[in-house]
Every structure is written in structure tokens, then in C-alpha cells.
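Below you'll find a set of structures to go through.
Two complexes follow with chain A in common, the first pairing it with chain B and the second with chain C.
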Partner chain A sequence: MLELRKDIFADERDDNLKEIGKGTQRQDMLGHVTGTSTYFDDHKLQGMLHLKVVRSVHSHARLRRIETTEAEQSQGVRRIIRGADVPRNLNTLLSLINFGKDDEPSLAVDKVRYKGEPIVAVVADSPREASEAMAKVRIEYEPLPTVFDVEDALKPGAPVVNETYPKNTFTYYEKYDHQKLRFGDVERGLAQADHVLEQRYQMSPIEHAPTETNGSIAAPDTNGRYTVYTSTQALFFSVDTCAKILDVPSNTFHFIGGTVGGGFGGKVDTITEPLCILAAMLTGRPVRYVLGREEEMQYGPPRGAERIYITDGVMRDGRIVARKVRAYFDSGAYTRLSSYAAVKCAAHLPGPYTIPNVYGDVYCVFTNRTPATAMRGFGVTAMDFAIECQMDKLAHIVGMDPMEFRILNAYRDGDMKAHRREAKNTALIECVQVAAEKAKWPLRDEFKRASSRQGGGGARAVVPAATREAHAPTVAAAQQRTVYDRAPATAPSREPPPPPPPRPQAPSHGAARFSSVFGTRRR
Partner chain B sequence: MARHRGRGIASINYPIGMNLGGDPSQALVHSNPSGKFTVSLSSIDLGQGMKSVTRQICAETLGVPVEDVYVDTADSDTGPHCMGSFASRGTHRVGNAVMAAAKEARGVMMEAAAEELEVNAADLETDGRGNIHVKGAPHRSISTKDVAIAAQFKQGKTISGRGIFLVPLSDVDPETGEMSPATCYAHACLVAEVEVDDETGDVAMIRMDSAYELGRALNPRLVEQQLVGGAWMGISHALYETTEPYYPVSSHGPRDFVEYLMPGPGDICPHDIAVLERPAADGPFGAKGPGEMCANPVLPAVANAIFNAVGVRIDKLPITPEKVLRAIKAQGGARPQPRR
Partner chain C sequence: MSKTALQFRHNGRDVAIFVDGGTNLLVALRELIGDMTPKFGCGQGGCGACSVLIDGELHLACLTLAETVAGRSIETLDGIKQGPNLHPLQRAFADNFAAQCGYCTPGMLMAAKALLDRNPQPSRAEVIEAISGNICRCTGYEPIINAVLAAASSRARA
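Let's turn to the complex of A and B:
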């Protein structure tokens, strides 16, 4: 199943190691396979109470009145918690690294901004009694206009989702509503291209779907401290977030975690710990707050959906000369971590390729849906989908094999990347070659011989002098422009495109390795 | 009406660690008087194998068997600060911190051994099996256990070490986006083969072939676990999953695993993986990390394979049978592309 290709880049490694590189069995394997590993929810504490939250039924509404008298008298109820009970009821996760403004309450006060937003917490002796009391909380809403589409949210007159960001976009560097990337003169590059391809890609929001849902248990300890068993993916992130929201020193808490039933990014947001600890503070009892599966799926943060527009300019010989990207990250009602992902996305442009003209505008947009958060490949997965579908279409347009097309455009050691740092330690070409070999996908010799360590740098290492904002240069007379890829049925060129820039010599794992595998190229 | 096979590819890279850096992790390593080592972390093992990878790094650096090292994670009273287990940072950031702590502990251990053997510490080496001996003279040897006892009860030394790893936070130029996002990148290329039914729009995965470059595979079995599992997640994202089926309309959200579609065991396909190792200059033993990137090439490779099979481009996820069928109908039937 897994083959280690030790022959490639062998001269860059010392393989005489004793423990590194061995498939040693996991330290925690026995506990996991016998079901004896301890997770946060395995702590059944004496006198433990159960917390549940009453969630908004509207996606956007003013809260006119919250009536909890009947709920407070409900059987088994120990405490009802409202927004006013939270010491600092406004936070943003990345305030810990001084990025962004506080924009999200632990419990909504004047207004709800997404369906499922917590408004009131109920703490009771049993989960059932908490649920019964929840049904007795009366909330009067005044529904407000909603916005769910990222581009609608940017239009003048769109409903304001989050008053902290009245234009429905995160603010970068106190002046821009998006993250910029500018490298070379993209409009000139597009004008000179033989073919321009403009496409739109839309991702879907997805759930992390961990086996263990988000949750925590907080218990009063001696000396005014609180022990917190948690499923967090980021222990001190959660400690510091709780210390801020509850306005106490961070050493008030003893957080214990470490074995988590799946995270994938969905357990960074510290969504249960602050209320759980607050409830323990207010009742003096251990409190458990665990999301049910429906809550986890609909109101626990998902991977947000991105919408991406790409315009590429490509030459007949397969070289990409310009890539222009506009991307919208759907952050939902609050920032959480999407603002960070947009910067990471801009840094990722134009993918692992060397393109002389690159232009990117990446927006973090607020809409009336569950706040999105980090998930595996955060900021990059969506862009990779868009770029790699685009690469396939470009290869099709110029009549080139998609593997060879990628090798031709791949970044190499010494190239200048669009964020103005030199590419080092690259290995895209070798991955394409080995994947081709595994899949028995024919490559021509010059592409089998290509190497990440050769052919880069030189003219490819130069930061272009001109960095231009959008302008309108003269378009090449023979240019074809495709908005939907099927429009012009370009016949694959009869002549194969010229090979990539010349390289002095073949790398160590050259043609010999491949020759036994490949047949002749079909065309 | 027929089933059509097609192949598609995608190649990607992925940055290691939090974008722009500024995300430190610390580690503490100490020995008990029997020469058994504990690594104290506040980092989290999400199932990815953080404990095992840091354990191997610590053992390799100390020069002791892996059985002599135990990793304790995620206690805010005993584990020093760590930013968290995300952003593909565990192996690289935490691994480096553990390596630094283990180096410091090894220094004390070698000094203590030198005192017992009455030689210069620089002349000593570890055999990786729990012994320290004079280079070129294996008979002049002492066990790490005896060194630990001597250090604790005779010499009054703590065989311990502290480590931190920090990539300093990079600025971003607001106008051009100039920045230092990451110090190293992992790479991958994946070929997906699918079969598309032009009567139902159903897409079946046939097989995947891939190559991943990860710096160094510190534990190949953990790497395999990540790459196999991550590819399933990629298939699922490409073809099945969504919390909002009519996005951007937010209705009809699934509430459980009955309503939330994911591939079942019968929907999974064989996956043949090659791992390449081009060591990162600043990685622990050159490691980068497979964590997040393993799902990324699958999504576009599947979409491209569907085009190769029936000639339709689906640029909106997930690629459901409904979308495939509508697209096939819109173009007047399947148009298989040249097989490759």
C-alpha cells in the first residue's frame, strides 16, 4: 500500500537512524483498541450538572424579550445563565495574537445573527431536566432581513450581519476589505496570452464529523481553581480564551485534555468551555456541556464554503503567463478563524507553479449562517480544487497532457514565488513523475528527466519591476477567450508543444527507472 | 446507457505550520532515576499520532530505545505552552521543540556518564539500546539506567532539558501581499480513476495512485494512516458531504449520519501510495508533515477524472449524481474523452 521511495533525494538525507523511520506501534494503541483510553467525557463526577443552550430559531433577528421565570422554576434546574452573566461577553479567537476585533458574544444579547446562536444556558441536574426547562424559556424575536450569499453580502444596502464589521467584510490592515496579492502586471500578461480562461468554482460547507462531539466538563477544585476536562485541539488557546471571557487569571484553570476523538479543525473554537466553567463558578458544582450530534452538525462550526473566480492566461506552448484570482470565504456570522485563512489563501497563490504575473483579492465575508472555522487544509483546500480543475482545463485547451502541463509550469528551486520569497526544497515535479509511474501514465522523456533542482532561478528568480493595479492594455489580436470551457472546441495541436526550459543533466532517478514501465505516448 | 471510466490528476503543495509563523511550542524532557524519560507537552493527540512521533524524535535524539520514553500530553499544569494541534504544525513545531529539549537532556546524560567512566564526554556515544560507551571501545560502557542513578543520587545532576521552537512572525505588506508564510512545503500528486454511470449520474471510485513528498516519514505507518484516511475525506468532500445541500440557501441541513452523506466501506477504492522524502532544512530530521494536505489533491483529481470519463465539468461541490446527470443531459449525452 505504501512504498517509500528512498532512491529519490537520497543525497539529501542521512538514513542511518535508529528510531526515526520505523513503523513503531503507537504508544496509546492498546488503550485505543481495547476501549480503555480516557476521553474528556469519561469523567463522571459526583454531583455533576448538565448544561444545555437555548438556540435562536431565526437566522437574523432582534431579541425583544427573554423570559426565563418559568424555566428557573422547572424541576431540577440549578441555574439559568444569560448574556449579562458572562463577565466579558464579547470575544474573537485571534485576539490572542492581536488579529481582529472582538465580535462574538458567548450568549446573544440584543440580536442573533445565525440560526442556532446560543441565547440562554440552562444548568440542571440531568440532561432531561435541562431539556424540559429549555422548552419553558420564552424568547420574543423581531426577524430582520438576512443575507446568505457572499456576493450579495457585499452589495450596497445588504443587511448588516455583524455590527463590528458594518460592510460585511473583515478589515485588513485597518484599511482594506480584502487581502491583496500583487506580483507583476497581470492585465498585461492576460492581454498577451494566446488563450484566456475565466471560471467560477463553488465549494460546499462540510462538517468535521468527529466521532466525539465538542464538549467539556468543568469542576471546582480547591483554592478557587477549576479543573477542566476538554476535547480541545489547542489547550492553551482554550485556557487563554476562557481566562479572557471569564475575566480571571489563566492559572485559575487546570485544563486536562490530550486524547481527542477526532478534531480536523473543529475543536479549536473553544465553544463549550467558557459557559461550562462559568456554570461551575455560579453553582459550585461540576458541570458537563457536550454538543449533541445535531448541534455538532448544524451549529458547531463547519468548514466554510469558498467561492473562487480564476482568470488565467496561457500560451499555445503551455506556459501560463498570468493568473488572476478573486476569492470569497464565507465566514458565517462571526470571524472565528476565517480572516486568517484568507491571508493563508493569498500566500498560496498561484499554487505550486511559477507564473510571472499573479493577482489575488481574497475576501472574508460575513453572512447569516453558522460561523465557519478551521478544517483540514484551511485556506488551501478550496483554492487547490479551483486551481487544479483550472489546470486540467488549460491543458485541454492547449492540447497538452495534464501531467506534462504541470511539470512544464511547476515551480523549481530558486524560482521567485508570488509572495516574494525564493522557492526552496521543492518536489512537485518528482511527485508528478512518481504518480505517473505508479498509475502507468505515459510521460515523454524530457518530462521524465525534469527535476525540481534544475531549470529554476535565473530569470525565474526575478521580482517583476512593475506591480500594477487593474488597467486595460491592448489585447493580442488572435486571443481566444473562454468563459465556459466547452465554448471553442480547440483541436489538440498536431505538433507536441516544446519541452520546458533546457536542463544541463538528468537527475539521479532519471529515465532508467521509468523506461520499463511506459509505453509510447498516445495522442 | 453505459458506464464510462476516466482518469484525472491533481498536483499540490502545502505550507507547514501556521501561516506567517509566530506559533511557538515548548517541550520538557526529564529522566527518572531508572533512566526512563518523560516528555511533557501540552500538545494534543487527535488520533494522528502526536505522542508516537514525538516519542520517536525524543528517543532518536537521546540515543535511547523508544520503550524508554513516554510522552505525556495536554495538561496545562505540567505541560509547557503549545499553540495547538492544527495547521500541520505538530510534527514540525512540536517535533523541533522535543528535539531541542532532548538534546539538552542528552548533554547532561553524557556529562554524567563521562564522570562515571572517567573520560571526556566528547569521546562517548550511545548505542540506541540503553548503553553509553567510549567510541571505538564498546567494552568501556555504562547503561543509561546506571547513569541516571549516579546523576540523581551521587552527582546531584538533573538529566533534563527544555526546548522551544518558534518561527518568528512575518509581516505582510498590505499592498502587495509580500510575506513569509511558511518555512517549508510538502508536495503531492494524485491520479484518480472513476466510473461514471451516464444513466444515473453516479460516480464510483475505481482506484487512486499517488505520490506524497513529506520531508521525512518519521513513522511510515502513521504516515500511511494519515494518507489513506485523508484521501477518504477527500473523496467524501468531492462526492458526498455538505451541511447545506442547497448552499447558499441554508435549508435542509443534515442532523445526523443518516442524513449526512459520506462514503461507506463499499465506496472506498484501492489507493497505492508512494512517499518521497526531501528533507526540510528546519524540520526535525527533515520532517514536514502529512497532516492536512492529504485530502487536497483528491477533490480536483476526482472532478478531472469525471470530465475524462463523460466530458462534463462540475465546478460546484459536492459532485452529486444529480449534478452529473444534469450536466450530461445538458450536453446531449456522455462525451468520453481520450482514455489515458
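Let's turn to the complex of A and C:
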């Protein structure tokens, strides 16, 4: 039982917590409407230098030679930073919780694994001088074969993206190349089903596109510490990540953040702070490192793409009796948080439904694409998208109303979930009922009367014995199999896509109305 | 690099700075004047976070060469408060929950002010049109539109 020590600070606290039903002003609102909320980039420091990063132009290449002599002599340049200057130039974000192996350098040394990977950092008096010096960095690449498709990456002989994971998959528990979920006997369930539906779902990477781009400012303090203003969404996480990469105790840093100009998950990767602090250490000056809009859109980490195959077995009365899922999470070139995203995929693949036979394989795959990161329910959203599309199609196949179909299959209190946890405090049925009512969607009486608190448990609470050996059960004689094959019929070619059709006359709204000459709005 | 002397009015006050050739108004305001209210979002005229008024007309500071504002009057969010009191638009934004992360808010407020200054009683469609060049990625457009309309109607009552 949680103990609340209400005696502490009792005199400073108003115990009236009756806030529901009335508006309460945000504490940062006054700062926002007066423009005085301080974002990381709103600090002007004496003698501040500017850091910019030279990025790989190849998606996969060996670095033969990095020549910086000319750049070092460029006007206004204070320092060129290379991989060898980074104290611990290999890290993985979740190493802080002992999950995964260090696989990503701050600055690439021997090889680049995605287009836009940082190779050299230039620190100069002004952004312009940094840009001019960047153009003078010469990098000799030896392009390597690339792989951009999650399934191609798992084929034998596929290019190895990240040598830390030679099979192009994240390794779970130092043993498994994917996440597994096994419950009941899915093959027998599918064999006995009246209808079997096989589908393929694909979700693209999605860029968060926050209005404020990722960035940070690091400044040497007089006490040997460094003050760091940052856009991070994960302040303490960033402190520890920087401490590890720079090989110093974490109390070396005083991180100041919390006012973030939009994040949505795209500011948890500690992208800018390590190099920014390192530059401040090497120059003894405040240093600012801000991603430009192009960098943010092109090389900032997106929500990872997912490819999901679902095979469901359903009976004529609408009960789902088996679900088999194979899913691939595109991690890009490095792990970052995708290993965790794949765990969440596996956790969500049965959906909020009671299905007696569930089988799932989820792979966290490395490709030569931009490393993926967190974004609003990453790992869950794509899986839920696939599952709920599938639910609509299944309802259609058995001729049921999609709302009633969900109520029929929803888990109820006392049911055993495929993860071997008892379902408690379930409320999907009630949610569907309310949604139907609000949408004036007619439900039959038996579904209006259904309750999450009734009909669960009993036979539905049993953990079925899982079968280990492969066997081919006899398929029900009357079974109907439906495959909506949306996959491209032939292997996807690498040819450039055809030119887009001519655009219709643009309506006069949005950014299109800005003149690029004077920055005024055309009327 | 040679610098150009530049004089203009900033929120009703005369200011003078020296700028490098090619310096844009956003950099001039933020780094040389020290007015941090216009924000950098894209530097390409796509997001509206740097919106300011030049002689009362809405402009994007990131696409305006600093030298072109010589002798003109610049207004930013820093200048719209009326003494210690919030501008009706600022009050309406606060009351209508029209800011989440707050980063687009300075630009939104300037776009809204440009609208109300020339059209005190805009229709909903005119408000939408007026802020259509300002991106809010927290996607709080509805409360923002409501706030602008609320400010217009409170001004009408006053």
C-alpha cells in the first residue's frame, strides 16, 4: 500500500483537489502569450561559437579518408572535431537501463550506415563561417551495397548494416533475433476456422516536424561544470547519456530545459548535446548546435516504419479463434529505442480482444535508413492500425456490424490475455457502446446489454498448453480463405518513380502564398 | 566582412545596428537587438514562427533582408503589451487555451494582430485565411481561431 506522508509540507499545500469540471490556467501560458517563455535558443552568451556537422552523402559507405586541413585553416574556424576526439564514441541510448549493445558512434569513424550520418563537426565564430568550412572538408567514400527493405535485410547474403548486429536484427536476451508471443495452438485454430483472412500492412516512417528544431547550447561554467540549454524531451536521460559518451561524472553538467518547442518524441535521442558539450570542452567557449530545418526533416529520427502480416481465423458466428502475426519494425541503421518499440508491437498484437490462439513474431530490423525513434505510442500505433483494419475486414467477411463484432470479441474481466495476464478493469465494450451512441450507430439489444463485467473468466481464463512442435492439422472442409494481396506483384524496382502529374491550380492558402523574395504575403 | 549601419524603429523605439551583408531580419532582431520573441522554425518562409509587422504589414523576418527595413517601423510580440496589461489578443489566447508548446504563438499573435488591425470584425473564414501561413504542430488551430474571434468580439463590445 502506498503511504502518503501528508504531514510533510502540509502548511504549503492546499488539499482542495476539486478541479474537475472547471478550467485551470496552464502555468506557462503567460510566458507563451508574451513571448517570454525561454526556449534553449533564446540564450545569448558572450563569445558563443557555432557548431555544424558534416554529414554522409551515402547511405552505406566505408570512410577511406577524411581530410580537414583546409577546413581547419578556413576563416573563423576554432576547432574541427572528429570521431577520435569523442571520449567514448560508441553508445546505445537504452544502455542506461542495460538494454542492448553500444552500436552508434557520435561521429562516424570507419563507416557510415545512413545518409546524413554525422562524420565531422566544425566549430566556428559564426554559422556562416562554419558552413564555409564544412564545404572544405574532403571525405573519400567507398560506397557499399545498401538495404532499405526490412524483409530484404533478413535474407541470407544481405549487406550487414551494423556490425554490432551481424544478422541485421536486434538481439533480445542475448539469444533471440526477435520477440515471440505464443499462446495456444494457432495452427489448429486456423485449421478449424470457418474463414481465414491474410493481410499485409505497411506504415511509412513519419517525421515529427516540431516547429522548433533539435538543438542545444553548452557553456563552460566557472566551477568546472558545463551549463547546457537544450530542447530535449528527456532531460535526465540526456544528462546520463552525455556523461557516458564524454566519460565524465553526470554532475559535470547543469542541464536546463523543459520549455520545448514541440517534440512529439523527436527530441528524446540526445542528438545534439554530446557534440555541443564536447565542443565547449575543447574550445573553452559557449557553443551552439542547432539542426536546420532540412537536417530536422531529412536526418532527424522519424517514427519507425512497420510492416505487419496478419492471418486471422474467424468463425461464422464472429468469434476470432486464431491470430498469427509476423511484423518487422524498421529501426534504421542504429537501435536507439526501436528494440523497445518491437516489444510494444508484440505486446499489442492481440489487441484488446480475447483470442484463444495467438502467435506473434516481431523483428527489430536494421536497414540503411535514418534511425527511428520515439513518437506518440511508437510500436503500438502501427500495430493497432493494422489490427483495427483487420477487424473491419473480418466483420465484413462474417457479415457482422463492425461495432458489434468488436463487442463480441472484446476482452472481459477475468479473461486470460495472450500474454498470460488476467484482464482486469476492462472497458472496451463500454467504450464501443458509448461511441455507437454518440455516433447514433444502431446496436442490437444483446450488444447494448453486453458488459465487460459479465461473461469473462471461466473457460476464457484458462492458459492453453502451448504446442512446440510443428504439425499440419487438417483444415476444416468448408473453410474459406481470403487473401487480399496488396503487395506489389513483382519485386520492387529501384527505378525512379514517374514524374508526378501536373498540379492543379493551387488554392491560395498556406505557405504557397509566401513570396520567396521579400517574405511578404501575396494578396 | 564589411558591415552596414542600419537604423529602424523597433516597437516604437529607435534602434541602430551594424549588419553583415545578407543578414536577415530574424537574426538582426534576435542576435543584434536581443528581441527573442520572433522564433526560428524553418528559415524558408514555411512556418510563420518569425512573423513580424513592418509598417503594420505582416512579414516573415527570416525572408526579409535586414537592410530593407532601414527607416521603417518593426513591431514584434515584445511590443504589443499595453503597459503592464496584456493586449486583448494575448488575453484571448490565454483564456482560450490557444497555446500548447508556445513556439508558434508569437507568430500566430502577430498574424492575428495584422488581421484585426485592418479588419476588426473578421469572419471565421477570414481568421483561418489570416493564420494559414502559421504552422502549429501541436495542432491547436481550433482554439487559436476561437481566440482570435473572441478577441475581435471583446473589442467590439468595448
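Basically, the second predicted complex is superposed on the first by the 460 of 523 C-alpha atoms of A that agree within 3 Å, B and C clash if a C-alpha of one lies under 4 Å from a C-alpha of the other, contacts with A are read in each partner's own complex, and residues count from 1 in each chain.
Basically, contacts are C-beta pairs under 8 Å (C-beta built on N, C-alpha and C of every residue); 3 or more make two chains touch, one makes a residue touch a chain.
Here the structure is a predicted model, which is why all the values come from computation and not from measurement.
The partner that reaches more residues of chain A, of the two candidates chain B and chain C, is B. In the superposed pair of complexes, A:413 makes contact with neither chain B nor chain C. Of the two partner chains placed by superposition, only chain C is touched by A:42; chain B is not. Judged by the touch definition given at the top, the superposed model places A:31 against chain C, while chain B stays out of reach. Residue contacts after overlaying the shared chain place A:150 against chain B, while chain C stays out of touching range. Judged by the touch definition given at the top, the superposed model places A:360 against chain B, while chain C stays out of reach. Look at A:312: by the touch rule set out above, it reaches neither chain B nor chain C. Of the two partner chains placed around the shared chain by superposition, chain B is the only one that A:439 touches, whereas chain C remains out of contact.
When the shared chain is aligned, no partner comes close enough to touch A:273: not chain B, not chain C.
Contacts of chain A with chain B, set against its contacts with chain C after fitting on chain A, overlap at residues 23, 25-26, 28, 209, 259-264, 293. Considering their complex, residues 20, 25, 31, 34, 36-37, 39-47, 49, 57-64, 68, 76-78, 81, 86, 90-91, 93-94, 97, 99, 101-106, 109, 129, 132-133, 135-138 of chain C touch chain A.
Every residue of chain A that touches chain C in the complex is listed here, in rising order: 23, 25-26, 28-39, 41-42, 44, 128, 208-213, 259-264, 290, 292-293, 509-511, 513-521.
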